[in-house]
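What follows is chain A paired twice: with chain B in the first complex and chain C in the second.
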Partner chain A sequence: MELSESVQRGLQALADPSAFDQSSYRALVDASFRSLRSSQADPGVLDQPELKQIDQILLKQSHTAATTFILEAVKQNADKSTMSSCLEELSFSADKVELFNSTHQKHRKELERLLASIGRCPPQINDASWRLQYHVKNGQVDKVNEPFYLLSLNTENKGSSEDINFTCTVEQLQDLVGKLKDAAKSVEKASQM
Partner chain B sequence: MEEVDKILIHALKQVGTEVSEETDSVKQFSSELIVEAVVRCIRVIEPGLGSPLPTSLPPGMSARFRVGMSLAQACQDIGYKGEIGYQTFLYSNEPEIRSLLMFLVEKLPRESAEASDQPTGKSVVLQRAIAAAIKAQLVVPWLPPNCRLPLHGETQSPGSLHSFHAQPLSLPHCTKGPGKNQLKEVQDYQRDILPPVTAQPSHHASVVASILEQHTAELSAAQEWDNEWNSQGLLSRLTPQEYCSRKLTRLRKRIEEQLRSAALPSAESAFGGPRSTSDLSDLLQAFRGSTPSDHILTKGTHFTHTQKFTFTQQQQAAAVTRPSITAGPQSESDIQLCQQEEQLSLQQQFQQLCSDVEQLAADMKHMSVTNAQVLDELKQRDLGNSENEEKMQVKKKTIDLLPDADNNLLKLQVLVEASAKRVVNLASQWEKHRAPLIDEHRRLKEICSNQDLESSRKLSEIKSLHDKIRVSTEEAKKKEEIYKQLVTELENLPQDASRSAYTQRILEIVSNIKKQKEEITKILSDTKELQKEINSLTGKLDRTFAVTDELVFKDAKKDESVRKSYKYLAALHENCNQLIQTIEDTGTILREIRDLEEQIETENGSKTVANLERILEDYKAIRQENSALAAKVREG
Partner chain C sequence: MLLVLSDDHKEHLSFLPKVDAAVVGEFGRIALEFLRRGSSPKIYEGAARKLCVPVEMVQHGVEGLMYLMTESSKHMISEVDFLDSVLVLGFGEELNQILLQLYLQHHSQIRSILSQLPSNLPAYHNLEWRLDVQLASRPVRQQVIPMLTMRLLLTGGCGSRDDLSRRVLQTDPSTLLHLITTLEAALAAIKTNHARRIFRNIK
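Up next is the complex of A and B:
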């Protein structure tokens, strides 16, 4: 895992026992995870009794470094050993590493979800209803006599549902079904590597 | 046999047969299990042959018979040479099944094992992980939105997504460079007011994106600087700070030139963009800092100033005229007319003014050029003036000296001589000083060049060291990655195939075989020795017999008792021979008996009688089934 110089400096400060003792270290690690997970921006996340006696600039620096490290670790899907070795290189003591790892493990899933929520997603189809209709004639042609399908796809995107309506002939519907089958097959093939 | 069975069972499990944990030898295989194992093996070995075969035995006797026959046929098609029929599967006996399974397992394709031996790349591992994730998601059944539990939330409902939107963050350590004194106010701001990074972005959803972006930007900047420093910075023989500042000034100069070349034409085209020129000149001003602005620039700004001035005047005029118009009691059309007129006149005025301005600008340019010319001329004249004055003074002095010419000439000669002497004196003195100075200079020059050489040598050393460092870090990284991959692969490998155990067993077997071989050779040598002894003994016997025979025969002619003894001897010899023959015969018979016993045992093991009985029973069952079916057909 590659870390920038400022992050390394912040983490080294965090590892320094003269700057952060055990209780303040725990408080800062907790605050870092909490500030990433919370849905609201909380400017007072560092206002805690354990962190009062620490220089505020150093504290903010370490907080930034810790949050960056956490996010990078989740982004690269770093396992426990990678994180441990990385922290040990920055002269963290064993119990500090242990505490960090356990806290990270606790919040890992949620952070993964947080990172996964960045991006876009096409709407998902939840339901489909159809109707077969028969086109007998129209103003221009006296005898058409063609069946056609009326389809309605119920889709969901970002929690809100929406209907997509369209008509198609039998061939078009067959084409659509064939494409869907192809897609399903490709996904299955991709899973059998 | 146990080891063989274990290996067989392991291989069968890999093929997909469900062998329960308790069965650890082929003896415990039921016929169902045997059929399944054989069918799965055939399917792997030759999919075309195995796919129509069922993996389980049907209940009906005739169907069972058919399955058994087709299985036997398939095995023979694959190339099994041993005796095989439907009874092999239905009424198994251990050795036959074992040999069949061993044959099948040996036939199993080995590609998969070979493929896993090669070290897989990082991308392959990633693709495998992706495939596994997709598989896991495919297994989860789809649920309608109302029935979803939060645990399905990840994959089935998209949740609230937001785009990657990064905002600049203000970090307290950005400005805290070494050697830079921070302002106290900045420190105060950072200490008391600056919110923590997670609270800085205006929209909380962009916190993650902002932090990641910030970090990536820092990393890439550091990397770029590293690259540049290694490729160019080191060669310039400057400290990093000096290099930075030099680069900065260079860049500034270039930007300035570019801007100026872009600003020049627009400043001269009269109406194109007075606004932009003023902006650019402001910018240039800012770039140049405290240095005085040059000629063209002052002109540009001057020009725009005048323009601004006229514009404001116009606006003021308009503002003055407008209230008088609105105050008038005229009708709307009048007002409009009035306004139009006003507008026209104003436009005319404006154009007039514009042309005036242009003219004035051109005049001014001309004037300034002529002004410069005149100034130059003035300077030249001044120079000429002062020269002339000097000349005049010299001439004045010579004229003053003319009246007392001889005296003054003498004086002058003395003066000249004295000055010549002084010059010689000074020259000698200079020579005295010069020699050591030149030496010193040379010495210093030499030192300098030496140092230059030294420094360039060191530079190249540093460069090579840098290269080495880079190469070794890359190598280390690569190796670490490979190690990690191998570790993950090792973890992913099935744990039951303990290679070392197998090799140990194989080694044990080999050593056992060696021991047996030794024993066999010992026994062989013993037999040979015995044979030799027997041979020598028979030879001895023959010889002694011949000698005794001769002696006794000689005496027998003379003596009656000796003749009798000779008869006895012959009888003894014959009897002994017979005895030996009998013993040998017994030995061969014993051996035959042993062979036969072994044969009986093997025959007993294959339970032929029982099998035959069973086959007979099967035959009866099939007949019964057939007759029942026929009866049904008749009834139907």
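Up next is the complex of A and C:
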């Protein structure tokens, strides 16, 4: 993993036993993971009794470095040995490496999910609702007498939802379902490869 | 059922017996053409010049025919009812037959034109799909996320009738299966006794 100079400096401070003893180290590592997982930035995340006696500038530098390191590890899907050797190079003690790794394992899945949700994508279909109607007549034509469907696809994009409404005849709905089934079949085939 | 023709309508059509049967046939052709593609005043002027009559007379004649055809097609009246309806116009037998033929030959096409008018909801046209697997993104470098990307093509809606609107959408495999089950239930609903009974009884 490549880390910038300021991140390396922040991590080295975190490794330094005279700056961070065991309890303040644990508090900072916990706070780092917690601040990444909460959707809203909590200004009081470093407001803890264990961290009171540490120089505030150093504390913030170390916190930034730790969160950057965590995100980079998740992004690169770094395994335990990669992370360990990286931390050891920055003169972390074996205890500190072990604590970091175990905390990382605990939060890893959640952070992966969180990172995967970042980015653009087309609206996602979440659900569909339908109504079967019988078109009897209208202002222009009498005796139409044709069944048709009103479909509504519920889509979601960046947290806001939108319904896509359209009509289709019975044949068109059969066509649509047929195409979705073809797609499902090829998903199934692809998953068996 | 019989058509009830208004006095204005009768008056507009009263021009027809004054011209040759061939001209009435031509008017019928023009009326249908206008129903398909929209009217054009130039044709009225040309016809009026040839027949040496005022433009309004031709226009009323053709529009009267258009109205007669759309009204009878709208209600899909029977052959007998059509002849009985035009009886009040006092036309000769030959002219009535020309009108009847015009109606019989074209009523289904006129109905399909008319049926396009009220649909202001977008309608399904096609669905294109492809299977994607997301392998990496800026925040995460190793991923395997299967995704179905679709393009839904819809016709109509508020805009122009011929325009297709395209929507690009995605869904994951489990939602895809859910969609299929939901829409299959919709297809099954049309085969229920309840639906069939309604279809049978509304005629």
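To be clear about the criterion, the second predicted complex is superposed on the first by the 136 of 193 C-alpha atoms of A that agree within 3 Å, B and C clash if a C-alpha of one lies under 4 Å from a C-alpha of the other, contacts with A are read in each partner's own complex, and residues count from 1 in each chain.
Here is the rule we use: a residue touches a chain if its C-beta (ideal position, glycine included) is under 8 Å from a C-beta of that chain, and two chains touch if they have at least 3 such contacts.
Being a predicted model, the structure only gives us computed values, none of them experimental.
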First, second, both or neither for A:Y149, with chain B first and chain C second: second
Touched partner set for A:C168, first chain B, second chain C, both or neither: second
First (chain B), second (chain C), both or neither touched by A:C121: both
Which of chain B and chain C A:S191 touches, first, second, both or neither: both
Chain B versus chain C as contact partner of A:E72, first or second or both or neither: first
Touched partner set for A:E5, first chain B, second chain C, both or neither: first
Partner chain in contact with A:K158 - chain B first, chain C second, else both or neither: first
Chain B and chain C contact sites that coincide on chain A, given as residue numbers: 71, 75, 115-116, 118-119, 121, 124, 126-127, 187, 190-191
In the complex, chain A residues that touch chain C: 71, 74-77, 112, 115-116, 118-119, 121-130, 132, 134, 136, 138-145, 147, 149-151, 153, 155, 164-168, 170, 172-177, 179-184, 186-187, 190-191
In the complex, chain A residues that touch chain B: 2-7, 9-10, 35-36, 39-43, 45-46, 55-57, 60-61, 63-64, 67-68, 71-72, 75, 113-121, 124, 126-127, 156-159, 161, 187-188, 190-193
Footprint of chain A on chain C - complex, ascending: 70, 73-76, 111, 114-115, 117-119, 121-124, 126-127, 129, 131, 133, 137-143, 145-146, 148-150, 152, 154, 167-173, 175-180, 182-187, 189-190, 195, 198-199, 202-203
Partner chain A, residues of chain B touching it in the complex: 127-128, 130-132, 134-135, 138, 144-145, 154, 156-164, 169, 171-174, 176, 187, 190-192, 194-199, 201, 204, 207-209, 211-212, 214-215, 218-219, 222
